[in-house]
């Protein structure tokens, strides 16, 4: 070996795990690193091989957990239920098994009442190859989620994966007690390509990535009030924000619904005529709105907190 | 059946339901006494932020007025409105809020009944018809998650191949029968019989607790695994740590 | 009496003809077609400026619009065949013969047109060769070039993308040719004079910048674990032992991974200041973290890169910049620098055969050479010594006395054994040979010849061809790093083992590298946004690379 | 879809006490490997379900090399493959072994 080579250890340091990227991590890595070390217990793990019964029809490979991991663990010592979607398998889309696991978890949480649920979204929406089952799964999840919230369960959604949170996933997210989102996390019902296909490139240029992000991305959702908290893209910061939101998230009931009706109504009144996210940010009084997309997370959080306090009572 | 026929058959004594640019808002007296609040989407209208908030407002207003009458959700819609403006303003929240209001109403004892009498799709379907406790349809209703041409584009399979596959599995293909097999639609009403009677019969049935759609899908063979998976997760989650 | 200034007279005539469609030197875009028909003559040798980055796009479009009845049989001598118009002129009969160097996006169409006989091919060159021939036997009659701005006298400012322009103008203007420049705008005073006005005869204000392709931007998000592993092998198995300070990188993801591992993995190996200090390289955004971490002393550039303008301006200690602060690039000089003053070239390719010949040609695509063969060859004219050059020379010829021994430039091919869609990197026979037969070419389009290649790096290990003493050893060394391709599975296991014992093949474990450590967390930036942040928000990536 | 299965003798039992490990994701060019400690100490098995057909010879070679290098006695590997390249397959197999060797945290 060359004299130039010094005798240094060249294995990656495990200390980097704290700064590990949420966006880059797999669903399993997110779950493992988010919860207290070693505390995760999976329900119907991959060794059970409960795969989708429908992908075979399309000659598509299955995944042993069908892209949904559910289980329990501890967060800062306190018990928590957790569900995580793998955004790279079938785009994190909801299928029959994938969705049913989350439904079951939420129904259990409703029964237990005292244990919060974390949902780590990473989804393009409904899985087309089993579209009816996926659509229905989303409806069942939404009902189970609201019933759990009625029973006092806090349901916190975390969004920052590759697939974003699209289609029915966006609707489920809208039912959560609280949402945290990173810059990469996008929340929307129709995807950019879908809008472009249906309405033309003049309506929405899906290749204009800056447009996609400022219309659907985490920063806009936070500034608009569609998400309660903005976080940087590390697993550690998602963990911190999850803890915070579990504590601060509201209950659920008529007051919350009325407050949400007012919140959304006010949004339409104020921003209905805005053609672009930039107009909304300016109307909200964001100083130097053009600088928002490039802003580092910490700076953005400070700006967002000044402009709009999270409204925990209206979701 | 046209919308007017449907409303006439549901509310024999008349009603005050108005079609406001594709949104149905109003109420009507039930055959067995009491009133049903009615919201809905007509004329295959796409559901955007402005539509969703009017519908949710109506549900909340009904709840504030009190009473224990059912809430009827009539649906002949497009999908969610696909536009830059709607997504910019947070369409997911508006649709979720509408669904939440309906689910909450049902939990407050206001039986929510969806009546699918035309088309519906995707996010609009979830936020309206699928957010009710009981979903029924009229013959000829056309629910779909995605149309076959779009699905063909995404799956890179020809429409012919998709149609062939649809024969063996109801799980992906559009259409009322397929949705019914997966458990989404409880029953298809008979057009020849008074809808008021059929509604009355439905409201009179004892309401089983909980969401029964996955069990229905299993019984009908359209969703072989969902009910069991949910139940197994439920049982595991309730076991002591 | 013999005429000795016919070329000058001809140019005078062209200028007079052109002036009828101009105001002074200024030609309006709307008059461009008439203008070109006035100054061009059938059979002219024309250089339409364009390479792998910048394009004289307005002039290209205008040339494609001239009347083939008036202007035909042009002989195009240009670096890049990149825009559709570059081939349209052959389809329309405006041009007939082609000498060129690079064709990226038009690779498939140019192949079809060559097969169809629509183009009479002179040769496919490397950049330096074509530039050289501009001064010997391919001197243009007319050069249609691109710059950022001009003043009324025709002084040109080329901005950071100077690239080929000075070379083309030098050859054309001083040998009686006519130079026509497209610029975005005509200004009172140009920020710096890159081309003096007396070498420029006409100027077209296009109203928009010339087209530039962001060819050197690699999104770190797309770098795979296997590419990281090959990068680790290269750093620890080549950069460190040879002490490579002066080098050129290709544009692939493998070398982007190396750039992004320098501040992390390289730092841990203690290599800062010992390797990768001086570069002949375009301003790769993936080099930003290494620059910021103090690895890089200086970089000379062939061209620029979209979005790097402000960063370069703020790092004038690293880059070559003009009095206006912006980058000065020059393809001819940088190619020469890469050839003569770099100790290593490392880049990826599409196919490698059993003797180490490599090619990016497939049967249906002719991408040309660009500058890769200039970078990827051993310059026989080199005389100055350096440690890596001498060490490589000693490995190749241990028995030659040191004072009589040539050094060797390291020419390294790096890649994964299987490429996109599971296409193997290693092949029994290059498709370039099939193509040469089909087109009856004298030479097969080989990108880098086997006898120039010194090392091949794959995820399976490093083959050091300098240590191979004969054809058989060379073949087995290549098979020994060819993984599970047919070539790899056809290895002689015993011979591969012997080569490994001699260090002619080195596996990750021989270098103390655990493939499981090849993790994306090792990358100094994992996204374009990370690069932007690392640059202190000076790097402004093009829209298609953003995800924020 | 194609299914392949390989059974090998292994030199020794794979170290560690974990009964199961899983790594990877089923996506284009990627795969998941589920490792389970369910076989006798001197045996190992690799079952593959792959979307890319016709690569049997490559799989056989990758698996044989892996068994020789890692000696994963007692382990059964189940693979769902989305068309991964051999280097990725080898990497995931090695990662699965490292995971199952680790002590429970």
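First chain written, first letter: the chains are A, B, C and D, and each begins at residue 1.
The rule is short, and it goes like this: a contact is a pair of C-beta atoms (placed from the backbone, for glycine too) under 8 Å apart; a residue touches a chain by one contact, two chains touch by 3 or more.
For each chain, UniProt lists the protein as follows: A = Malonate decarboxylase beta subunit; B = Malonate decarboxylase gamma subunit; C = Acetyl-S-ACP:malonate ACP transferase; D = Malonate decarboxylase acyl carrier protein.
For clarity, every value in this text was computed on a predicted model and none was experimentally measured.
**Q** Can you tell me the least number of steps between chain A and chain D, where a step is a move to a chain it touches?
**A** 1
**Q** Specify the chain with the shortest distance from its C-alpha centroid to the centroid of every protein C-alpha atom present.
**A** A
**Q** Weigh C-D against A-C on C-beta contact pairs and write down the one with more.
**A** More contacting C-beta pairs are found at A-C.
**Q** So, what's the distance in Å between the C-alpha centres of chain C and chain B?
**A** The mean C-alpha positions of chain B and chain C differ by 60 Å.
**Q** When the C-alpha atoms of chain A and chain C are each averaged to a single point, how far apart are the two points in Å?
**A** 43
**Q** Centroid of chain C to centroid of chain D, CA atoms only: how many Å?
**A** Roughly 41 Å separates the two chain centres.
**Q** Which chains touch which?
**A** Pairs satisfying the touch definition: A-B, A-C, A-D, C-D.
**Q** Which stretch or stretches of chain D touch chain C in the complex?
**A** 52, 55, 57-58, 61-62, 83, 85-88, 90-91, 94-95, 98
**Q** Please output the residues of chain D touching chain A within their complex, sorted ascending.
**A** Interface residues on the chain D side: 1, 20, 22, 25-27, 30, 32, 34, 36, 49-51, 78, 80-82, 104-105.
**Q** Using the touch rule from the top, collect the residues of chain C that touch chain D in their complex.
**A** Listed in rising order, the residues of chain C that touch chain D are 224-226, 229, 416-418, 422, 459-460, 483-484, 489, 515-516, 518.
**Q** Applying the document's contact rule, which stretches of chain C touch chain A when the two form their complex?
**A** My answer: residues 236, 240-243, 265, 268-271, 274-275, 512-514, 517, 519-522, 526-527, 529, 532-533, 537, 543-548.
**Q** Mind listing the chain A positions that touch chain D in their complex?
**A** Counting only chain A, the residues touching chain D are 26, 28, 37-38, 45-47, 49, 56, 59-64, 86, 88-89.
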